[in-house]
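Each of the next two complexes has chain A plus one other chain: chain B in the first, chain C in the second.
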Partner chain A sequence: MMNLVRAFTLALAVAGAGCGSEAPSGKRQVDSNGGGYTVMFEPTPNPIPMNDVFDLRFTVAPKSGPSQGLSVQVDARMPAHGHGMNRVPKVTAQADGSYKAEGMLFHMPGHWELYFDIAQAGKTERAQFDVDLK
Partner chain B sequence: MKALIAVLGLVAVAGVGVVAVLGTRTGGGGPAVPPDFTPEEIERVLQHSPLGGPPRDSTNAVFENPAAAQLGQRLFFDPGFSRDGTVSCSTCHVAARGLADGQALPSKFPVDRNVPSLWNVAYNRWFFWDGRADSLWSQALQPLENPREHGATRLQIVRRIADTPRLRAEYEAVFGAFPDLSDLRRFPPAGGPGVLPAGSPLHAAWTSMAQPDRAAVDRLFANVGKAIAAYERGLVSRRAPFDVFVEGVRTGDAAKMAALTPEARKGLKLFVGKANCRLCHSGPNFTDGEFHNIGIPPLRGGLTADRFAAIDEVRKNPFNTSGLYSDDRASGEKKLDYLPRLQEAWGQVKTPSLRNVAKTAPYMHQGQFGTLEEVLRFYSTLKGVVQAGHSERFILTPLQLNSVEIANLAAFLESLTDESVDERLLRPPE
Partner chain C sequence: MKTPRNPLPAALFLLLASPAAPQGYSPEERGSNWVRSTYQFGAPGTAPGQLLEPRAVDVGRDNAVYVSDTGNHRVQVFAIDGKFLSGWGGAGTAEGKFLFPWGIARGPEGEIFVADAGNHRIQVFDEKGAFLRAWGRSGVQPGEFSSPRWLAVAKERVIVVESDHPRIQIFTRKGELIRTFGGPGDGPGRFREPTGVAVDEQGGIYVADAGAHQIQKFDGEGKPLIQWGSWGSPPALLSGPAGLAYGDGKLYVADGGNHRVQVFDPSGAFLYQWGRHPAFAHEGSGRLHFPSGIALSPSGGFTVLCEPLEHRVQAFGNGSARVVRPMNDLPWWDSLHARFHLSPRKPEPHGDKPAILVAMRETDAPAVLFFDLEPKLPAFLARAGGAGKRMGEFGSPAGLALDSALGRLYVCERANRRVQLLELPRDPKTPTGFAPNVRVISAWDLASALPASIEGVFPERVQPGAMALDPSGTLYLLDEGNSAIHQFDRRMKYLRTIRPPKSGDPCRWIDLAIAPDGASLYVLDRDGAKIVALDRDGAVTGSWGTRGSGENGEFLLPAGIGVGQDGSVYVSDSGAHRILRFDARGKFLSMWGSFGRDPGHFYSPRGIVVAGRDRIVVDDAGNHRGQIFDRDGKLVELFHKGGVPAQPVSPK
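What follows is the complex of A and B.
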């Protein structure tokens, strides 16, 4: 699957179409900082576009314990700029156990941090991705 | 995850398509990198051209209807939609002045914002300097009723169409039969809601109307905005010397690459490099369409909340894209639902497009700078910057450009002027 992601990313980069997009090295899977969950996501469109709306489908897999009763929030910031998105995405649980975050938009090129904050039973862990927009 | 994999499969097919198209266009060799540019610079340059057509506006059912555009053009140039019969949209949006008025602040009207150019206006995500309208048709309505601009009332506006045979005929050809407004008890000659003081006679004339009659007038009024928006969608600038240069880069055509002067090429390198203008002036329309505070000292009126206050205004506006008069309320709801009231929005104004920028002096939201060189000198030194105490301070650092670099950047900005304009759009229709 990653090969497909890379192939498409490269194709877009070569075409130089539109407004730029995510650098091809972007990871799609990471463990949360407390080690309790593995988060895996796919953006639509893929790769993440520069200054255009995108959605995320993602899964949150607990290392142990139930996968029910999780509260998940998604947000993103540009640490070097000291600001985040100009929008608040909406996260909804899907019937297949995955989640959807709708209404994301990274409006500037540069380094973004993408956060998935997972709360369960009073404890919150963060899974964090780096996204570099060209 | 199965669904995700299926989606990815489709995307991969699309990706192959992109490669195939590119292969025929460039002979498989990819874009040519001129010797004075690095591959990374060229990759960034390609992000700025070509500019496609304006995006669809599903909230305006007639956004690409030619008859609506012709009606809108007529309305745009008609001074009959004003309190004293002397003000039209074209009073301030003057073709010979870059579809702006050439003044820092309009001398004729007591407003404290520079008249924005209408070139490429239909590409915006938000409208006005502070983004207090979420569609072009909704934007077009506000100056008509603003007592500091056209100063017409809603009933006068719809009556102007009802009583002008050509306007009425063109309106009916686009939107269907015009309602009968002849009963002056139901539809007074003048009056409206909006900014009029509550209790004034013109306001009372409006509130005395039955709700269904007010709604009928509101519908006509919204359609005025939709026709004007259909016209303004044609005000497009996307074939400048810079675009010819990029075509040359994409196809390896040296003659096309010569469309940029040596000075403009050096300016372009600065634009995507040291000066980093692309941070906000991104993409083929040279704007992110979003809001920033760059700390320009106000010309008059002190610091203002701008985007911070506009977020509430756009939500409350009955003519917003999620409201009753939107032709796609679901998409409007989506746009407005995600909109937070961020503290950092205080004092932010919208990044303007740079296409045709050499024609639209003076610059900035209050016309603080008379020339492109003055703008570039501000970014170069940040002299006099007013810090609103928010995050933009992380981004803005003095560029410390020398006078040659400023001249080169200005030369590049001048290469964004498109002279291939359909002159018929710049005057009232026949």
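What follows is the complex of A and C.
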């Protein structure tokens, strides 16, 4: 059964500027919607499985100013369905300055929006990626 | 006016009304259901016995029902069957007068305590309405008040909840301060939007929080004991809980946004519920529409609720509340006739043509809706929101400012105390010319966006409300708790604050509008019942208005303000159900509308904006629709789904 589930694979749609691009390393990169940060992420496993838990390793780079005092939350929604994930991922800062989001799960196929909400000094900006899971 | 609702003989009714608590609750009682009210009374108006947005009730001896008739600035007393008995008060600041009285509670010796919100005080009367004493004044120090709205009286203590300063204050019945606890925030002992309060026989204090959709229980010293509830419609979940009442070992919650009453035991365990949203406009008979105040009769025989939006009171015999009818109608958010209706029309091909964007709040959900008024028929574009604290979710969205040129919308949230920036991207490939999904750009915490100290502004009192954007890109955010306007640039960098001139007169700024050229700012002062005009530097250039009938330039319950291309100022009056038009200097020009559901009629109109070529767009809130008029009040277009059934669908 698990093998069947894993047989479904992810297609990451790049739907124009601001929705993400694929770096040579296979990581995906995008600027936050407010333009203040650049986020680069890579899922584990890659590609993202359907209805199975995965993790994200990601970095957040401010366009200007310090990177201290950042906090990041990761979330995802299916806008056409009006719901999000049925799990709350845990985000931890890593020693190398990157972050890890554990416990992600896209439980059904379709169009997902993956959110990185970056808070610093009372302001939060969102970076988002479009993910089409088939 | 009164409507007896129980066809049963009196003796049988008394049998049914036995306060004895059953040991268990059936699935029908615990599930979605409908219970016929025993009595129903009230009609919108200002005459004795009529009501205007009553917010709270209590029940005294002989089942006399004391109603805080908030919009009429008075207290009215009815027999349980709706017979009008007496009333007192009226708008004013003198002893015995009120400005938007809210909570009302009967003391152990029969005194009537009233939270006089607009005058920032508690007033006490005897059962016949004779003034006894008052205490409190505007301020944030212990013993002072910032719009006290809800209260409970238990033995020797009076517990007061303030809406603008989220804390609890406990006084003796004479008004001597005993202690203060609470404050803004999340977690035990903190509040987002505290509302109703009740006390149990052990002195435990229960406080509802409409912003957090939860109930908190404290001991008599204010120590947090239990918290329960989150947003939702299934049993035990809450949506904007308002009034609380305690009796017979149970806590009764007016679950406002869910249009029902929920009953819990003192530990927070859900017991049973009753009430459903009206199936057709103004339906009563046990259907509930945003119930606010709730009270139990001293004998325990009746539960009494008031519904501000319906200007009425319903009384349920607690025995008859056991006779329930399961209802299989849809949850309210899926019900076609219980929300702001989206246009069912197929959008006209629009491509990248110019658009006239209009955004409206859908307070129940909560959400914001985007429409384009440029097509011949208004087109629905997108919806964003949902209850919560995460980005893209809302906690009591209170103000919107649309940056049409960029397709961006600022939303300020009272419960989350922040401003979010959303974007509706253009997409020429879609029929509407816009992408179907709204993007969240940024969010700013107001505590960080505002300076720590602003002259004349109490940080504890900041209550974000209406917003507006001027042509230069300056964002105006109205702070209702301080009657101030904070200015920001487009990136929410603080610029300065505008305050009303010091006069000592009652004042609560609740809406604002900016003239198209950005030279004039108009502010709606609800408590002063007037419009204040300011120049771009914040200097007052004029004011007009007087409290009255809502006709010929007088204001009954002014709710919203907008400015046209020609400088005309439009004011919606939710009490008079009409729109008033003035010239830029305050000369009354015309008015239109009256209470009703037909096109051109209104049911508690709220927000008003002037879009494009002087199209007056009115949020006809009670009718769950938008209406568009020309400057003379001629109806241009409705945008809504309609679909309310013509006939009652309540069970026989």
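Basically, the second predicted complex is superposed on the first by the 107 of 134 C-alpha atoms of A that agree within 3 Å, B and C clash if a C-alpha of one lies under 4 Å from a C-alpha of the other, contacts with A are read in each partner's own complex, and residues count from 1 in each chain.
Basically, a contact is a pair of C-beta atoms (placed from the backbone, for glycine too) under 8 Å apart; a residue touches a chain by one contact, two chains touch by 3 or more.
Being a predicted model, the structure only gives us computed values, none of them experimental.
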Touched partner set for A:65, first chain B, second chain C, both or neither: neither
Which of chain B and chain C A:96 touches, first, second, both or neither: first
Chain A residues touched by each partner, larger count belonging to chain B or chain C: B
Touching partner for A:34 - first (chain B), second (chain C), both, neither: second
Contacts of A:42 with chain B and chain C, given as first, second, both or neither: first
Touching partner for A:75 - first (chain B), second (chain C), both, neither: second
First (chain B), second (chain C), both or neither touched by A:109: first
Touched partner set for A:123, first chain B, second chain C, both or neither: second
First, second, both or neither for A:86, with chain B first and chain C second: first
Residues on chain A lying within both footprints (that of chain B and that of chain C): 82
Residue numbers on chain A that touch chain C, as the complex places them: 33-34, 73, 75, 77, 79, 82, 113, 115, 117, 121-126, 128
Residues of chain B defined as touching chain A within the complex: 1, 3-5, 7-9, 11-12, 14-16, 18-19, 21-22, 30-31, 43-44, 46-47, 250, 278-280, 282-284, 288-291, 334, 337-340, 342, 344-345, 391-395
Residues of chain C touching chain A in the complex: 386, 390-392, 421, 423, 436-437, 439-445, 447-449, 492
Of all residues in chain A, those that touch chain B in their complex: 1, 4-5, 7-8, 11-20, 40, 42, 44-46, 50-51, 57, 59, 80-83, 86-90, 96, 98, 102-103, 105, 107-110, 134
